[in-house]
Every structure is written in C-alpha cells, then in structure tokens.
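As written, the chains take the letters A, B, C, D, E and F, and residue 1 is the first residue of each chain.
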Amino acid sequence: MIEDSQNINDRLAKFRTPESVILGDSADVYFHRTIEILKKERLNPVAVMEAFPNGSGIICGLDETLALLERVLPKDNREVWALSDGDTVASKEVALRTKAPYQSFGLYETAILGFLASGTGWATAARECLQAAGDIPCISFGARHVHPFVSGRMDYAAFVGGCSGCSSVEGARLADIEPSGTMPHALIIVMGDTVKATLAFDKYIDPSVARVSLVDTFKDEAEESLRVADALGEKLKAVRLDTPVERGRVTAELVKEVRARLDQAGHPGVGVFVSGGITPERIKYFIDRGAPVTGFGIGSYISGAKPIDYTADLHEIDGKPIAKRGRIPGLTANPRLKRVL
Amino acid sequence: MIEDSQNINDRLAKFRTPESVILGDSADVYFHRTIEILKKERLNPVAVMEAFPNGSGIICGLDETLALLERVLPKDNREVWALSDGDTVASKEVALRTKAPYQSFGLYETAILGFLASGTGWATAARECLQAAGDIPCISFGARHVHPFVSGRMDYAAFVGGCSGCSSVEGARLADIEPSGTMPHALIIVMGDTVKATLAFDKYIDPSVARVSLVDTFKDEAEESLRVADALGEKLKAVRLDTPVERGRVTAELVKEVRARLDQAGHPGVGVFVSGGITPERIKYFIDRGAPVTGFGIGSYISGAKPIDYTADLHEIDGKPIAKRGRIPGLTANPRLKRVL
Amino acid sequence: MIEDSQNINDRLAKFRTPESVILGDSADVYFHRTIEILKKERLNPVAVMEAFPNGSGIICGLDETLALLERVLPKDNREVWALSDGDTVASKEVALRTKAPYQSFGLYETAILGFLASGTGWATAARECLQAAGDIPCISFGARHVHPFVSGRMDYAAFVGGCSGCSSVEGARLADIEPSGTMPHALIIVMGDTVKATLAFDKYIDPSVARVSLVDTFKDEAEESLRVADALGEKLKAVRLDTPVERGRVTAELVKEVRARLDQAGHPGVGVFVSGGITPERIKYFIDRGAPVTGFGIGSYISGAKPIDYTADLHEIDGKPIAKRGRIPGLTANPRLKRVL
Amino acid sequence: MIEDSQNINDRLAKFRTPESVILGDSADVYFHRTIEILKKERLNPVAVMEAFPNGSGIICGLDETLALLERVLPKDNREVWALSDGDTVASKEVALRTKAPYQSFGLYETAILGFLASGTGWATAARECLQAAGDIPCISFGARHVHPFVSGRMDYAAFVGGCSGCSSVEGARLADIEPSGTMPHALIIVMGDTVKATLAFDKYIDPSVARVSLVDTFKDEAEESLRVADALGEKLKAVRLDTPVERGRVTAELVKEVRARLDQAGHPGVGVFVSGGITPERIKYFIDRGAPVTGFGIGSYISGAKPIDYTADLHEIDGKPIAKRGRIPGLTANPRLKRVL
Amino acid sequence: MIEDSQNINDRLAKFRTPESVILGDSADVYFHRTIEILKKERLNPVAVMEAFPNGSGIICGLDETLALLERVLPKDNREVWALSDGDTVASKEVALRTKAPYQSFGLYETAILGFLASGTGWATAARECLQAAGDIPCISFGARHVHPFVSGRMDYAAFVGGCSGCSSVEGARLADIEPSGTMPHALIIVMGDTVKATLAFDKYIDPSVARVSLVDTFKDEAEESLRVADALGEKLKAVRLDTPVERGRVTAELVKEVRARLDQAGHPGVGVFVSGGITPERIKYFIDRGAPVTGFGIGSYISGAKPIDYTADLHEIDGKPIAKRGRIPGLTANPRLKRVL
Amino acid sequence: MIEDSQNINDRLAKFRTPESVILGDSADVYFHRTIEILKKERLNPVAVMEAFPNGSGIICGLDETLALLERVLPKDNREVWALSDGDTVASKEVALRTKAPYQSFGLYETAILGFLASGTGWATAARECLQAAGDIPCISFGARHVHPFVSGRMDYAAFVGGCSGCSSVEGARLADIEPSGTMPHALIIVMGDTVKATLAFDKYIDPSVARVSLVDTFKDEAEESLRVADALGEKLKAVRLDTPVERGRVTAELVKEVRARLDQAGHPGVGVFVSGGITPERIKYFIDRGAPVTGFGIGSYISGAKPIDYTADLHEIDGKPIAKRGRIPGLTANPRLKRVL
C-alpha cells in the first residue's frame, strides 16, 4: 500500500530538486559514462538498489531524496521503500530501497547518498544535544559554520533531530517555524552600548520576537545583565551569555551567579541563555553543576558533524539476486521499510 | 595597489553568488533584524570587519567570498584585503578584512564565514593527504558523502588543497580540469562480468579517458586483475582495488601481490589504483610497507572534514578602534594581506 | 586410601618416561652434584617436596609426572598426593606433594616442574578458547608451532583443556581420539585446483574422515565455496576459511556471506570452519557479530602459550618442618589433594 | 657450491632425528592423507617450499631441520638453501628453501616449522638479554620451566642466542660446553645450613667446578654472604642472590650493599651472581643503577619465550611458479641463503 | 543559642594563639596596609566573612581558629558560626562565618585560612588511611617529615581524622592521649643487637609502655622475630616490620610468614606491626592479600598531605549583601553551621 | 677548616631554636625512651649520623638545623659537615653529617629531619617556578595556605629557592627583604569601589611601596584596568589580575588584551601582574603564548609542596663502621660537604 500521493507531493514540494542536480552536475563522472555505455549496449534492466548508513543515528534527507526519485523514476515502473526523516536508523540497516529501470536512476547515486549522509549526520548530532539537555530547549546556531548553499538543509536536519529552533531564514522555512535569534555583537558594537542596542531592538522589532540581550560585549556579564534587566524590565525574556574563550568561556558558576544577581535585583523572570562551544559534554557539565540555563545555542557541534556515510548496492537485476563480493545477493529483509512511491 | 579588476572579475565569474544568498535566505535572522534597526536609526557607519580561522590550514572559499562582496559593497566606498585561496593560514590569523558601510555587508556575515569554514576544512584535509602521499597523485572521490549542493565546492577545495583530480562534474568545471573516475560496481553488476564491462567501457568511451578497471566486484582481485589485463592489453592504464571492509580492505600485501602477478604476466605498465577508507594514516601505511600504489582515491577523509570555523569581529567604527571583550580594538596587523577590492 | 594401583598403572602406561630423563639428561646439573654430595655425606632423609604454580589455570602434566615418580620412588617408602589432570588449580595452590627419601627423587625436580609448567600452560590456553566458544567445537591445530618432540604433549594438553580434537597423530593417540584435519594448501597447489583436490580427497580417503575443503587457496572464498559444494554435494561437511592476513584475515562478514551464498545455492548442510590467528578475542568477535561458524581451528594461541611456571619447595626433612625464607615451614594444607602413590 | 658434506654431516650428527618424527607421529594428520592421495594419483612433482618467520630475531633450529632433510630427501634430486643457526633473520625473510620431489618431504612440514619456531623464539629471547647485559655473562637457568623433552634444545638455542652457559646436562652437550650451576635450595635445606652445604660442595665436587654459594635460604643475604666468604675464603667464586618475591626480589641496592660488605670484609674477589625473574628490563634496571652484578641467571624469559611462528609455502611445481592467494608465485630472492644440501 | 562559654574556653585553652600571630607576623603584609588605610579613613563596618575549602574532607583547625577569634573579636559585637573539628566538609561548603567590625579580624585572614588548610589536609589524609584499615589501628608516625613547629598540630589533626595514636609528645598532649612508639634503629645500632636492645628497653621503660621490637635492623626479619620473641616471651606485644625499600619493603607474604613462624614457635600473642611507606593503597594491599597485620604506622601519607586550601570572602558590609565577581552576594545558607561565639 | 664561628653565629641567630624543640616536645617519644635507656646503661658512644633526602631539589632548613646543633652538641667533641641552604642536592646524597656523643643529639633526629624536609620541599617548588619564569619575577603569596607557625619559614624557603619577594611579614624578616603585596579583595569590598580603594592606598601608604591595583573585583578586568590607570596615572606600577576560576581564571589572551588596551590608552608603563593557581605549567602557558606578564604571584604550588622526606642513619659507632640492613656501613663519601661546626 503506497502512501497517498497527494500528501507526499505536498510534503516533498519544498525540496524540489534543482536542475543542476537533475543534469548530473553533482554526480561522479563515471555514472555519466555508465549510462552512456548502457544506452549503447541497450541494457536497461530493472534493478534494485539498497542504501544503508555506516553508523547509527537519526535519519534525515529522505524527503529530499524522494523529491528527486519522484521526478526521475518512471511512474509506471517503480517501487520505492523507505524509512522516514526523523526515524532512528541502525548501522547497516537498509533505509531506502529503489526498484526501477537502472538508466532512470543510476546517475543519481551520488546525490542520493549525499542527501542522506549530510542530513543524517546533522540530525544525529542534534539528537545527542537534545538527549543531554532533557527539557531545556536547544536552538541551532551553526549556519555560519557551513557553506550557505546547505545552511538551510543543516538547520532543517537539526530541527528533525529535535532542536526547537534555528537561526537561518531558510532552515526555518523548511521546518515551517519562525527563525530564532538574539542579536549579534556587531549591533552592539555599531551602537556602542549594550543597553542602547537592546532598547533599539525593543523599539523597532516586532513585539512577537522575544527580547534576548547579549551581555558579554563590553562589560562583565553580571554587571551588564543587571543593566539591561533594569532598562527593559519585564519585557526582557532572557540574557544571553556567549563569553569568548579568551575570557574563559561561560562557566556553570557564571550562570548561577547571574541568576542569583538577577533574582536579588528583582528579575526572576529573565532567563539565562548560553552559547559558545556547546556540545553534549558541555550541556551535561552545566546540568551536573546545577546551572539554571534556560536555553542552549548550538553551533558547530551540529553544523560540523561528520556526515554519516551511506553505501548503495545493487541486489537484484531483472529479478535475479546478485551482489558484489562482501554483500549478500537478493533483497535484505527490513520490516521497518514502508512503500512510499 | 588593488589587483587588476578585469582579472579578478574573470576569476570570480564562476563563483557567481546565487540570488537566495543575496536575499539573505542563508543568513542568521538576527542580521536581518540588525539591518532593520540600523536603518531605522539611520546608522550606517563605515565599519571594519576582520575574519580569522580557529585553526590552521589551507584557506579556500575566498574567491566565493569576494564574488559576493564585489556585488554588494559600494564600489566607491570599500576596501577589501585578503589572503588567496590555497595559501596556508595560521590559527587566529586575519584572512579577510572588509571596510565599507556596515549596512552593505552586515547581512552576509553568516554566508562569508560559511564559505571560508567549509572551503578551508576541505582544502586542509586534502593537503594532509598530499603530504602523506608525496609524488603519488590523489583524486577526490568523496562527492557521494556530501550534500549535492556543495559537492562541486568540496571537489574544488580538494583541488585547491592539492588533489590532481576529482570525480564530480561540477568540481572539475570549477577547477578547470577534466573529471576523473573509473567505473562503478553498478556497471559491472548490471553487465554481469568485470571483463565484459571493461571491454564495453573501452568500446564506447572517448579514447582520451583512461581505462581503469575496478577488479574487486566478483572475484579475487589478483585473479580479476590478470583477466582484465589480458583482455585489454596495453590499453589498460590501471586496475582499481576497492576491497570492501567485509573482505578485509585493501592491504599493502595485496597491492604488492597484484603488482607482482601483473609483472609476471607481462603487464608492467598497468598501474594499481587504491580506494576505500583512505586517510593520511592509510597512505602512510601503504608507503611505509613499500606497496607500489600509483594513485589514491580519497573519499570521506576530505568530504567529511570538519569545517574550520571562522570568527568575524568589528574592529573599527567610523575610524575609531573598538572591539568586544576578548578582542583587541583596532586593525590587526597582517602584512600577508593584499588589497583585492 | 591410595588409588587402585592397576588402574593407575594402565593410565600412566602411555606416558612412559624416556631413559634420557631417567638418566637426568634434562636435569639442571646442580641436582646431579647435590645427589653426589648427599651420597658422599650418606644423607638420605625422607623429604617432603611440594609444588605449586605461579598462576591459576587448568592443570596438566600430572600423569606424566606420576609415571616418572612411580618408576623412581621406592615402593615401600613413598607417599604422593596430587590433583588430577584437567582440574582447575589456583595460583600458589599445592598441586603435588611427594614424600620419599630425597636421593630417590631430587634429580627429577627439573623434569617434574617442566612437565607441569608446559602442560598447565597449554591446557589453560585451550580452556580460555573453549570458554569463549561456548558450544562451538575447537580443534588444536598448533603442532607446527612447537618443537616436534612435544607436539603430541601439547595436543594432549589442549584436549585436557577442552578441545574436541587435534591435528597431530601423537596427540590424538595420547588423547585416545581420531586426529582431525582438513587438507593443506600444499595438496591444492600440487594438484592445481581446489575442486580437483577435494574430489581426489573424497575418492581416496576413508569415508569415516569428514570432507572439509580449504577454499582460500586460489580464488575468492565465496566463489570457491560454491564450486566445491556444487562438486561434492551432500558429502561436503564443511568449507574451511583460512584467509591469510595479506588478504585481511577471515572476517565475520565473510562467514555470514559464505553462509548466505551456500544457503542460496542449496547447501544448507555445509558448515563453515574458521582458522588463522584464532584467539579468545577473535572467537568472541565472531560470536558477537553473529557469524555462523561451525568450528574453530586454534593454532599458536594454545601452542605458543607461555608455560605457567611451578615452584618446588622442601617443607619437611625427616618429619621436621623446615622451609627457606619466604615459605612457611611444614606441610601446606590442601584438602583437594588425593593420595595417588 | 654446496658446503662440504663431511663437515655438515659431523655438525648434524648430534641432532639425529628420532624415529617417531620420521614416522610422522608429530605431523598434522592431513599431511599423511595428502601423501596418500598423491601416491594414489601418482603425483610426485619436484616442488619448492620456502619457509619464513612471522617476526624478526635470531634463527635457531636449522641444523635440526637439515638433519631431518639430509635423511629423507633423495640425494640425487634435492637442493636445500638456508641461513645458519645464530644468524639474524628479518620478519618474512625466507630462511629455508627446499627443492625436491614433494612426496619426500611433504610429511615433515609440521616438524620443520616446529624446529624453527621453537628455536628462533628461544634464541631471540636470549639475544635480548645479552643486548641488555653487555659484557656481563648470562646463564640459561630455565630448564625447569619447559617440558624435559625439549629442555636441552632450549638451552642449546639460548647458547646460540649468546648465553655463555646453561644448566641442563643435555643443553651443554649440544652446545659442547660444561653445564653451569650453583646449588639448589634443596641441598641447603637437607643439610640444614648454608655454610655447611657450601663446605660439603667444596669438599666433594671436582675442583674445576666454580664454587658459587646460594645465600638467601635461611638468613639475610648480606649476613650469609659474609659467613660463606669467611668460611671458604678465596675459593669462593661468587655468591648467588635469588631472593624470592615474597622477600621483595633482588634489588640493585642489595647487590651494592653485599658488594660493599664483602669488600669491607676483605673479599673483593667474590662475585655477585643474580637470578630470579630476570628479564632485559630487570637487567637494564641493575645496570642503570650501577649494581655491580657479575652474572645473571635467566629463567623463564628465555624458556617461556613465545615461539616465533614460521610459514611454509610452495612457490614452484615442476619448475612453474605458483602460489596461494596472498603470496607471490616463484622463488623469492634472498641473496643471504647458502646452498647446504 | 551560643555554646556554653566556659566549656568552649576550656576546650580552646590548649590552642592559645602565640603573640607573634596576634601581632600579625604571619600575616600577608597587605592586610597590615588595609587596616592602616581603613583606620585613616575611619572605616570599620561590621563585615561578614565566610570561609570554605576547595576540596572535601575532614575539617580540622577550627578550634585553633576560634581561640584566635575569641581573643581578638569584640565580645559585644561578634557572631561566629562554624562546623566542628572532625566534621566532614564538602568542597565549597561554608565552614566558618565571622561577623564583627572588620578592623578587629581583617589582619587574621591569612592565619585563619592557614589553620584550616593545614589541619583539614592532615585530618583528611588520616581518614583515608582509617577507611582502608577498617578495624586495624593506625598510628601517626610522620613527625619527622614536617617542620617541628607544626608536628604537634599535624599529629593532633591525624588523631582528629581517626588515628588511635601518634608519636610526637606535643601531638599526644593536644589529643590528650599517651604518645605511641616502638624503638628507633638508632637504639639497636648503638647497642649492637636487637635482642639486647629489646631487653634493655624492657628493663628500664615503664611497664605501662607496650614492648614492640623493631626486627629488621641486622638480620632477616623472620629470624629476628623469633629471637626477640624467645627472649621476651609473653611480655612482647608485637614485632615491628619496617623493611627498607633497598630490601624490597614489607610484603604481605613476609607478614604471613612471620605470623606463621611466630605461631609455630609458640608465640601466637605477639602482634605484627607494619610501617614504611604506608598509604591507603598499601593498607588495602595487605588486607586484600590476607596479611594478619595488627597495626600500621603512617608517615608521610599524612604528614605530607597537601593542605586543602580555603578561601575567605566578604559577603555583607554593614548589613548589605555584596561580593566580588564570581561569588554570590549575601550570606550563604548552611544549616550545618552552629553558633560558637 | 671550620667556617669562622662569629660569621656563622650571626647567620644562625635569626633561627634560634624555641625551647619547646629543645625540650623535645616535637620529638618522637621513642627517642626520649632511647636516651633514657642509654643513660641508664651508661652508653654514650661518639656516633656519626648521616642524613639524605629521598628526592632531588634545592636544600633549605640547614641553617635552622645548625642553630639547633650549635646549641646542643658539646663544643669540644663535635664535627658537623653539611651543604648550604640554596645548594642543589641529589636524591640519596648525604647533606648533613653529625659526629658527636649520641646522647647529645639523639633526641633531635625528628626535628632535624623535619627542618630539612619542609624547607627542601618549599625551596624546590619555588625553583621550579623560577625555571619556568626565566626573567619574570615571582613572589611567594602562599602564606594563607600553610599553618601560621611556619608561614615565615615557607616564605624564607621560597626566597632561598629564588623568589624575589614574599607576602608574609616574618618571611620577609628572615630573608632580610621588604614584604611584597598588592591589596586584598577585602579592602575593595569594604570601600565599595576599586578606584576609590586604590586612591586611598595611594594617599596613605608609604610612597616606597609600589602601587599595584587589583582589578577583578567588581568589573571586567580590562575596563577596571583602564579606570585605575586613568585615576592614578604614572604612579600606578601595575594592575593585578586574579580572575577567579568561576570566571575562567586569568588567560593569556586576557593579559594580552589588558596590555593592548593600557597601551592604547597611554599607559605603557603599567605592568600586568598575574596570580591565582599559578604553577610552572601555567607560567609556561603564559610565556608560550606570548602574554606580557610582568610578575607572578605563586600560592599553593610552593606552600603546598610535599616535603621532600629525609632519612637519618647511624654509620659509625665509636669509630667503627656499622649500619642497618639496606645501608652501607661507614662514612659515605661526599666531597661537596663542608665542615661547618
């Protein structure tokens, strides 16, 4: 039973494959040559290709892949089985099975593996942060650490992995949420003072956007926190600590002290948001020491996550089991796969 | 003295920035808000932004960055100083200095850092392989392990780092070389036999493309090597060993044995190309054991290299030194920078 | 109550001590001198010697020792207490107590300790393999890694430690079993083809000997396995994988693939026997990864096991407790000892 | 040019192969079956077998091997090339090449590899001790830690590796030296006092045997050393320290103190011989701390050395290069080999 | 409710602060300057100082501190809260809170922290030994390893940490116990023989002092133990093993052997006391191996324990919460504190 | 030739031994008993005691020891040989040899070893800091981490080890220098503002005392540094960074930034003094990163240094060589010793 095609088309619309991918610009050149040879040999058997990751994690990139397959596979001679974005996937578990005339999809092996490797790498890293953070929300802040062509994809995968927000405009659009963010050091430096910058932010920016002030630019964080809290009062949702490594990074004790001083000054409602080199280990450190963090901004732990490489193998040609050395011929059983195309 | 503008425009043409980046889709949302606030405050000071990496390596991504800056900075009020793609760069060394009205470039901090982080990460990993390999050429084979939107960029950076070839069509176009590649297991599986596939390749593919046969699909590598060498004779440039981990990967001893058996069978001119999990350590292993490899295919060591994160800071506003805590106000001296725009 | 002497004589018969040992050829020269001195001093007190291992394990070598003591101790003035071959023994636990006139046994301290040290070392290593292998039978294949004078003793100790078979003729005779083995690479190389060699084996060798074909000599193991299985049909008991380290050793995935391909080809009854560098860790690796191995051939892990050294001390002279520094005078209590002579 | 046959026959005489080895008792059973098959198939090609170690060291066991080959190979159709006992051998270096009709030697592969593995293991361990000890002589004392059937072979190999003496009677006979040794604790315990035992030794034992007294049996070593030195005077060649681990083993400081006290008491000519758990590391420890040791007794470091396994491969059948997978067909060049038979 | 002042005065009497401390000789000079400035500025606010350790352990030094504070704080304007000597204290837990006019105590911050750091370091190390030793008594023997000005303080802290005795006269006085000790090697060397020295000890020293003989001076410990036990009979309470490292230190086996030989010789009532490099690990070693030790002498493990540094901070000035960066203003809650002054 | 007695008496005067030490309060009780026994036995031989450290370093405590020996040894029957405070001393090297009637000094073994152990431990740690710091001066700031009875001794030893200053009044008196120090956080907290406190310091404290302001109490260090530099102008000698661990400790980057900002603000003459957890590794860290530190304050690295234990042995009694087991009888040659008494 295939998923309802209208539903799936709606879901895949936002991942429309660019023409350059359709043309094979991103493909390994030997696939172009393979198709050329097979065409001249008039060989176009129905082939079954299975793809599996070389590590476990949270899968992402399947919808991007399906958007491509939907477009290139012949509608009357195709069968695609897959897991869903956001599912856990075990190492070596078949996550995608494509059955169609080989010439229709052979060129896209490179792109398909790339979608899955990148997406799964990012989503898995995000999940690791979430598991460390428990109830504390995590926001993906790593757009600046990846190539802008994929920053939206990265943020989307972070969302699939469990992040409750992301900073890039495109990532938010793919995830169908509002982008998150506070303010850059640049705004404060241009305006010359944190309080002044925060008041300007409050004056011009849509009230639906949370007021979060970045308090480590010019002064000691505790001192600046009190200044902005006094200036904005109840409108201040949180202060953000992003102390640079040159100043010893954010410590659990700093969070506790800022919290205590805010409370003593009558600002119990102002949260403390922490960013800068956040990893699952760092999250655990803050939690183990009882630091009352109200949110984490995650940068390169997610954006710089190593892709989880996928392998694709042909397991059947015109109905006959086959495989290269090291693989077992024939379809690999996986009851978790659902027919999607 | 600025570089000749015609020259640079020619060089940057291939890195034309997509409209979505110009529109700020890949930007962190807080930069959109910053620009909005500054516009309403009518603040548009000339600002100096400096960017440096948090690790050393081979820089790449500068040309992509300059293509963007060339387009957005006002031509009569800009000054851009930079290193060049392919230069070594030290940790914390300023690699790019931009001086212009802040509103003209503030939105692009995210994209600029992303260009540089990704490119430098890939180019640096490639260089590490090259340093291990010495005279033996290395080809970038990792397109399948990254998102197809950046596989060309990755292959280009690998080329900048020293690879002599790459497999993706787009990467080769950016590097202005012919794409490299042998044949996929899929071709052999579809055709059912390695010798048959190799003969078909030889029959149809342009003679300018080197004949390299992949010999681990169905039979023992040594046996298959002799079969294809006997079939193609002098036209065979090399065999490619890509033994899967399930069969113990390629070993130095396998390379030596294949070499010896090819020589004994009268095929001294056939090279032995090795791929599969190649890293600088693995390259060193082959060389230390005297394995006569004639080329390496590098996959995820380059494509999965962690980006080398960059940081951008404002150091001057309207001619006055300034900086956030942890940075030193004013321009950072770096005589290696050249004026490019 | 001493064990029935007829029984024990039967049991010890196969370990008849060679004359060279009786003459003291293998003894440390200082024992010859000690006996010479004591004879001239006319000192021949009844002495109690206790021997214990400097490590724990499975004891072996006691029957060899008793065969010697039975021959040299005066029948009317001797008392020997011991554990039994195959018993566990703790570090420092007294495993043998000999009470007799000192001149009758003093010369044999070297030989007795040597019997026990070698035997216990081999039997203990065998037991470690068995504990890792659970129900999967292990065969001792290490005769080639020890001096031929003791290869039978080694195989016997492996049997005492739990191996279900061994390859040497003499080891099998001592253990009262049929020797085990498949075929050497030499047979296949001399005959030029694995299938041909296997068919010849089947033609000439007594049908009671299991047909096990060695499948890594010339071709890929999976390919060769199918060839011999097709050639011998149901007579083939197993294939043996012995992939050399130059080809990446036998991997768990190879075992699984050969199993799957044999099953797919209609040979579910053909087992997969694995050899080559097998250790308890390697056995565990195969089992943990679910490789369906039907037997292991163990070589140097058993044959190269370090002897577990024994120490012998005099604890009583003419009924008076005595000991050297570092030992406690008098008999050491050990209720597990049984009177054997 | 073959070595003079009279010479070699004299040299090999002492290694006469026992009948049980000739009969193949120590052989793997599959070699018996192989010979049976080949006889029935009337296949007896001239084969070249090469043997190499899987580790580097000092080779021993070649003379034992040649004694066997001399007896079984047809004198008119044989060619044996080898290194010599005592030579260094590199890992994987061919140490023995045998060319003869296969049926004449196939059965002895097990024994040949066993001779070489054991001998090379022991000789290599001895050499390691010697390299640490420099000019200080080392005596092999490990007969008690190996099976008495091979204790002579072990002591011979220790001599080949560089030991200047050994304790077993048979080892000394093979090495053509006098056996070395002091006295056992047993003699002292039976006689009840170290001085009394030492005087008895001096009274009865041939004057050509060095007087070395074991001084740790009943009293503090320094105290006992002075007692025996005072009792024997200049006839005492050395005291032997063999402090048990229960008393903290021999320390460098103990050696220095005993030396100083002997000197202060007028016994500068009495040496200090050390035994008990001696390894190259322990030898280095004594030397680094300036302990004036005059000789070391080495036990299980040599006797318990793991055999250095050898591999034998057929490389030529009736003049045609051949080899199993993982090996290179044809003779392996090694200019160090000399023709011996 | 303050503790009864008579009680506390009695308790503190033995810790009377020397005049040099009252005069500030041991103070950091900047506190002298601080008091000078504040006097000239006529600033003498009531200040609250809190002190906490930078590590967990057993607190000691509080009574010394209170003796100082009792003397310098104005009786009508002071409030002191503290834990008690011997309490456990957690890292960062406030252990002492002093509220009084700042000029009355500011000069003594150095001394107070020093009392607590030293005392807590020693008491904590003692407790670690006690926890390892269980029921076996431990005696502090480390006076020789610290400056004589503080050896009494060290021994007192060891007693507070759980030692049942100590060797220094002053330490015993502070702890209100009899000093413990056996005899030095010097006595034995001066008298020339261990038995002679032990008999002299027994002849002249008050019978209330236990007779414990040091048995490693001239002879083997087991031999000497039997000699002194035979000489003193039932009057001998224990032998003390203090084997120097040059003789391999005391081993568990030595203790067991001495015990066995004493028992065999009819001296079951003579204990075995062990000293020399004793640490919690060494105590555990003896216990794990079943060595029947009846007492441990602990030296530099306690006396050389690193002080557990304390930090003192002002948290309130004239009733207003205040603190330096990194600390939280206002009193730190700790319900375990009791009002003592 | 003995050192001139007037000179030495002057030098030792400041180390006058307290009566409690003379009375043996700090002695192990067994020395009291030893003296009692020897008196009753009328044994008072001239004995030679040698003391050596169990580790290498910089010796300190000898002058304190000599002050004691000068007082207790009979002037007409004594001979004392020693190294000098500040000398290097090797492990096990005899540093002090005392020859006199045993009853005159036996009681003081405990105190003598304590003087030397403590002093050598502290001086050695100081030297390690100095070796790391090169030309940058180090000040001993650890008085607060040791018992006040020895804080002066500790500071004196730090001076002997190479520190150019110390904070305790008594330490400075022993070293014959002015005490060093800046100001405590307490002064700033009591006065409420760093600039205010610094101005008050400048107003009241003798001009000969350097003005060094502590800048981490309330505000960011860089901000506060500029405030105090602007307030005091050229009178400010240095700022002191003592950032607590809760704020990430002092980093090399902070030092560089404070330096740059002071320079940019026209205060190139103001130094940057660093304290807080300073160790040789931390000093190396600052220097390796090019941080322009002008002085280090060292606390617990010196004050908490483990004593380097000394051992004292009798080597001669009435002119006859003697020693306990493990030592060599008679005087130990050491040409570095000089006769001092």
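Just so we're on the same page, a residue touches a chain if its C-beta (ideal position, glycine included) is under 8 Å from a C-beta of that chain, and two chains touch if they have at least 3 such contacts.
This structure is a prediction, so every number in the text was calculated from the model and none was measured.
J.: Where the contacts of subunit D and subunit E overlap, which chains show up?
T.: Correct list: C, F.
J.: Looking only at C-beta pairs that count as contacts, which pair of chains has more of them, B-D or E-F?
T.: Per the contact counts, E-F leads.
J.: Would you kindly say which chain has the C-alpha centre located farthest from the C-alpha centre of subunit A?
T.: Relative to subunit A, the chain with the farthest C-alpha centre is D.
J.: Taking each chain's centre as its mean C-alpha position, how far apart are subunit B and subunit F in Å?
T.: Computed value for the inter-centroid distance: 58 Å.
J.: Rounded to the nearest whole Å, what is the centre-to-centre distance of subunit B and subunit C, using the mean of the C-alpha atoms as each centre?
T.: Roughly 58 Å separates the two chain centres.
J.: Among the residues of subunit F, which are close enough to touch at least two other chains?
T.: 218-220, 243, 245-247, 253-254, 257, 325-327
J.: What topology does the chain contact graph adopt: line, ring, star, complete, or other?
T.: other
J.: Each pair of chains that touch: what are they?
T.: Touching chain pairs, listed by label, come out as A-B, A-C, A-E, A-F, B-C, B-D, B-F, C-D, C-E, D-E, D-F, E-F.
J.: List the residues on subunit A that touch subunit F in their complex, please.
T.: 218-220, 223, 243, 245-249, 251, 253-254, 257
J.: Can you list the residues on subunit F that touch subunit E in the complex?
T.: Touch list, subunit F to subunit E: 18, 20-21, 24-34, 36-38, 40-41, 43, 45, 47, 49, 102, 106, 109-111, 113-115, 117-119, 141, 143-153, 167-170, 172-173, 179-192, 197, 200-201, 203-205, 209, 216-219, 243-247, 299-300, 303-304, 306-307, 309-310, 313-314, 317, 322-327.
J.: Okay, in this complex, where on subunit A does subunit C touch?
T.: Per the stated touch rule, the residues are 321, 325-330.
J.: Quick check on the complex: what are the subunit A residues that touch subunit E?
T.: 220, 222, 253-254, 256-257, 260-261, 264
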